[in-house]
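Below you'll find a set of structures to go through.
Both complexes below contain chain A, partnered by chain B and then by chain C.
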Partner chain A sequence: MTATVTAPPRRRGFPKQAVLPWLFLAPGLLLALVFKFLPMGKGIWLSFFKVRPFLGDKWVGLDNYTRVLSDHRFQEAVSHTLLLGLGISLGAIVVGFLLALLLEGQARSLKLVRTAVFLPVVTATAVVGELWRLLYYPTSGGLVNGALGFLGIGPVAFLDNPDTALWATMVMGIWMAAPYNMVIILAGLAGVDRSLYEAAAMDGVSLWQRLRHITLPAIRPAMSIVLTLAAIRGLRVFTEVYVLTGGGPAGSTDVWMTRAYTLGFTRNDIGGASAASVVLLCVTLLLTVTVNYLRKRGDVR
Partner chain B sequence: MGVRGRRRRLAAALAVAGLACTTAACGSGSTSAGGGDPNTLEVWTRSDPDSAATYDRVFAAFTKKTGIKIDYQPVVNFDQQLQSRASSKDLPDVMINDTALMGSYQSQGLLKPIDPASIAGHDQITAKSWASTVGLDGRHYGIPYSRQAMALMIRKDWLRKLGLKAPTTWQQMLDVAKAFATRDPDGDGKKDTYGIVAPGSAQNGYAAWWASSFLWQGGAKVIEPDGRGGYRPAMDSAAAVRTVTWLKDNLFCGAKGLLQPGAVSAVTGTATNFRDGDAGMYMTGPYNITTFDATPGKDKYEVVPAPAGPAGADVLAEGENVYFGARTGKARQERALAAFLVSPEGQRIAMTSVDGHQPVVRIPTNSTLDAAEVRHDPRWSVVQKAYETASEQFPNAPDFAPIKQDTADSLNAVFTYCGSDVRSSLKELNDTLAGDLKDQDLLK
Partner chain C sequence: MSAPAIDPVRTPAPGAALGRPSGKQRSTPARFDTALGWSDRPGFGLALRILLCVIALAIFAAPFLTILSGAFSRNPSGSSLSFLPHHPTLLNVKVAGERGIWDYFTNSLVIAGGGLLLQLVVSVLAAYALARHRFRGQALVLTLFMLTMMLPEEVIAIPLSLVLGHVPVLGLDLKGTAWAVILPLGAWGFSVMMLTEFMKDIPTEIEEAARIDGVGELRLLWQIVLPLCRPALGVAGVLGFIMIWDQYLLPLIAAKDPTDYTVTVALSILRSDPQVGSGVVLAGAVIALLPSLIVYLLLQRSLVTGIAAGATKG
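Right after this comes the complex of A and B.
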């Protein structure tokens, strides 16, 4: 509102000062537009059509949405998605926090270990999936089952038993995501005022009290970033499941995105797949906004 | 919001829109560049670099013979790429891809109808092969290029060691599988061998693909023509219930070790137990012969006809067709290429392996050729005989993709839950299939 007062409207000529920043922004905006927003808009558009690329799309209104939302396999996928998203996000935060506490410091050996721990994040998910399939191999030839064999626990069919497959996928997801959180939390830990620790040591507080009253409040900004990222990413879980189980056995690890993928690319129903993706986008958006709102309210307090 | 703010927004929108238009123009210009030359055909195949090397030789021979150039694109994720080309209304001139996709492509309007008589040498293709390219409207939409039928690969050294013979019935196959799993055929003193390899995952419809041969052998069908131009689901038949129950009770939920570990989550890419030498039987396509000759080794296994079930020994037949993209306008050149591809010369080049590359024609559709003779390999006559006398394809006229996927989902669930009730599961599947057919207006 103040803009009108300070800058009298110019009727002639193009406002150069106004254009210049946009020109500088243009390349980035253009890339985002072409590769992000246009496809996204197209996806939303397609979700209202029976998509027939060659014959021309046919308007079906909300049919795709009702079909997806009433499909019992999508309904089953909701609980898997929530469980997996929540499990991976929280697990990765806890494990990431513990890793950060363990690996904080300047020693050369710690730097090495940190790099090693970070490797899962930079490894291609397809490779990670292959690796964990070998780890989970359901006979004593598999690494995990080999280790369990020493403890006298018989081979577990991790990925082939519908009761365990989701949990096995979750463990791999945590393994992949935790180091990323660790790095953010490490940055937060570096900013904690050392004198507080010293003072606490003099007061003779326990480890738990130190964590609860000094460390956690101090890394609050880092934690809020980690939480926001988790809210954005959690429900989008796809690659982990796709490379490890493909949604099976018997659909026991099917999540929202693997269902959408099957619908779009195995059954050639692009409209339905778009509708499913739009639903997920809305839920994710809502979740992110909620987390942000709660965070801001917390900050004010 | 002030005037200046509004102006600023307008300027931004204009700048962005202007730039976007430029890129869009560039984009459309570059895609149409290759399609302009009337003497160049754009040809797509679903091939990895290994088979692409064989196609390269085929197309080089064609260009040398006719002067028509080929812009060859081996595409691994064929259908995704094709969809994006379809949306820009600029299809490849010629495509070589699975027979089972014909119905799907035709329903999307992607294919040109083909008059067999217009293809030189069409009379050298058998009526059975031509019959497999008829669409729902009675016209042909593909030219049969390569065919194959499943066969049983079995470790002959293991059979010899245990004093057994290759099975010819389901029961014998079970007995051999049990022997392979329990009697230490590899002689290492450890219980680390398995009877049969089964890719039983629902991913990409593998469970349905693998189980289909057993369904045919048990006398079952997935869907069947209703005689009035439509189709009806047939997975609730007594034969289907009996077959699926047999597979579940004996293989997936039977004695341990009959199937490789992790069968319910295995796809063909991960079910490598036969190649790795720890499983003795694998019902699969003959393209694996090249792979298995390297490991476990040509002297270690043999190719035998599939063991017969209660209704016979029919196996799943598959293959590739040559398709012409709709509205491409190079009909003469396309027909010349198709004629070359199915000619004895073209098929011969595609059937031979140079430098260990994968041949792309398995069983020739040109009936003047004999697979075993061209390859100097008698094992191929087993496959050719199976194709000619005891095989059945998935119905090719309807869009089979959703039907296969739903069947795979259901079979995978039955095989996973050993306590499941097969009859009610298949009843449910039948209803789902009815819905799929209804979506295609095929359920009358």
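Right after this comes the complex of A and C.
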């Protein structure tokens, strides 16, 4: 193969020029085919079967879909996913925006603060999960409960209480995503024309109006991208929940993917798990295509 | 579908992602430098800003200090976290070592090193073909690589674990080997897209000349194109490393038994071990945290540029 590739192309003839790019693309396409598209196809295929090891798979049509979609634990998991995704996306945008406004600037001290604040983004999710399990420690010695103790609020068993566990997960998700958004919003803020701020000051415009009419329009494209990325990521949230609560207590933090994981690996219901994954895949693709379409239309206009 | 891109020509200097290009002459007073009009003169505004910065640090950075102090504290109870270790000790690290944390760490390093290398080689080759050659089916290939970004391990986890247990045609069982994690990470659409966009903006004159001189395609790529791609390679490398180190579900389903776990997955083993306290879990967390921390601090600029550029173009 190397010989064909390195030989100087004397003639811009058809065969060599046509084959060459495919040789370069081969490793990537092969890996994508075997480890991405084949599993996807297999997942779609299996979702129509009752998977029985050693007995052979049995065609069941849409049975897996109706069974999974009508399962109330799965329905709950989907609504948890939507709530969590929406809460984390919006929360992280707001917090990220506030952080960006606070930490915008050239000073070296600000750079240091930004470096430190960005740490949650580069930390592996599993480590963040372990960290927050300890922060949420249910006695007043835990860091969060200690802080709440100062405010006179008694120790809360965040992760052991079905009423608070989902919100606790959401706070951790915001904590992880906000600094990421901060960086994107800072890049947007850097593109704002400074002379606009000066002109606004001369016209005696209030700070709020300045933010509303100069800053926000300038970073709106960055914001919309951040939001859609977050929404799509939010749908397939897994590690955060799996590490922090494992879906518990009593399924109160079960999300789409933890449910599918439980079905597939704990209950050995491969068909049902595949059906759940296929539905998620369709929703993700639909969302992505819609967003891309809207964005393209926005670009043209 | 536009590709995420680090653009060598139009993108402002790397520093721009963290503020304004520093070389620029300051033409307006400092209070017009920021959206909120922060002033750097002493006064109420500055005091307020410092206070808010301290709060931000307390929320986002201080928890990392508790990991550190907990990992080196003799008292291994999660209920007494603080910012400074009491009775500093290496005992927790030693116990974590006895539980095999360094083996898990080695697994992680092998996977991160191999995965990153494979990812970069695959991406560079594919990007070169996409940026420098015109061929039939180009749009389709681009779409396929875009799709790989939408097929994260989470969504295809269950069938992927079946495929890893029995790779079609070859009939191999990859489970329990590092390959089972490395190979699925090889084709990452993001780095292919980013490198393609970057290469497209490198002028072709040198290559044309070299081609006329009879330089082969692989040498052309290795000696001429690649050195010019260094900034983009830095971004692809650091984002790729963070992405690989963050993998959780993939090493989980690729493992045959718990000794195959990566260090991040193994933390849950330490946690559920009734004989060790949270000090040991925190020692494990420090070990799992360290590589990504080092990479981040060394290559912070590439990382931040990559995130800002990738996101502003979607």
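Assorted remarks:
In this section, the second predicted complex is superposed on the first by the 252 of 301 C-alpha atoms of A that agree within 3 Å, B and C clash if a C-alpha of one lies under 4 Å from a C-alpha of the other, contacts with A are read in each partner's own complex, and residues count from 1 in each chain.
By our rule, contacts are C-beta pairs under 8 Å (C-beta built on N, C-alpha and C of every residue); 3 or more make two chains touch, one makes a residue touch a chain.
Because the structure is predicted, anything quoted here is derived from the model rather than measured.
In the overlay built on the shared chain, the residue A:99 is in contact with chain C alone; chain B does not reach it. In the superposed pair of complexes, A:277 makes contact with chain C only, with no contact to chain B. Of the two partner chains, chain C is the only one that A:134 touches; chain B does not reach it. In the superposition on chain A, A:239 makes contact with chain C only, not with chain B. Of the two partner chains, neither chain B nor chain C is touched by A:193.
For chain A, the partner with contacts to more residues, out of chain B and chain C, is C. Of the two partner chains, chain C is the only one touched by A:116; chain B is not. Once both structures are placed on chain A, chain A residues 2, 7, 9, 18, 22, 25, 29, 34, 38, 133, 137, 139, 141, 265, 270 are touched by chain B and, in the other complex, by chain C. Across the interface of their complex, chain A is touched by residues 2-5, 7-8, 11-12, 15-16, 19-20, 23, 79-80, 83-84, 86-87, 89, 91, 104, 108-110, 192, 201-205, 261-265, 267, 270, 326, 399, 401-402, 405, 409, 412-413, 416-417 of chain B. Residue ranges of chain A in contact with chain B, taken from their complex: 1-4, 7, 9, 14-15, 18-19, 22-23, 25-26, 29-30, 33-34, 38, 52-55, 73, 133, 137-139, 141, 157, 159-160, 162, 165, 245-252, 262, 265-270. Only residues 2, 5-9, 17-18, 20-22, 24-25, 27-29, 31-32, 34-40, 42-43, 46, 99, 101-107, 110-111, 113-120, 122-127, 130-135, 137, 139, 141-143, 175, 178-180, 183-184, 186-190, 192, 194-195, 197-198, 201, 207, 210-211, 214-215, 221-222, 225-226, 228-229, 232, 236, 238-239, 242-243, 257, 260-261, 264-265, 270, 273-274, 277, 280-281, 284-285, 288, 292, 295 of chain A touch chain C when the two sit together in their complex. Residues of chain C that touch chain A in their complex: 1, 12, 16-20, 22, 27-29, 31-38, 40, 49, 52-53, 56-57, 59-61, 63-64, 66-67, 70, 77-81, 121-123, 125-126, 128-130, 133, 135-136, 141, 144-145, 147-148, 150-152, 154-163, 167-168, 183-184, 186-187, 192, 211, 214-219, 242, 245-246, 248-249, 253, 264-265, 267-268, 271, 278, 281-282, 284-285, 288-289, 292-293, 295-297, 300, 303-304, 307-309, 311-312, 314.
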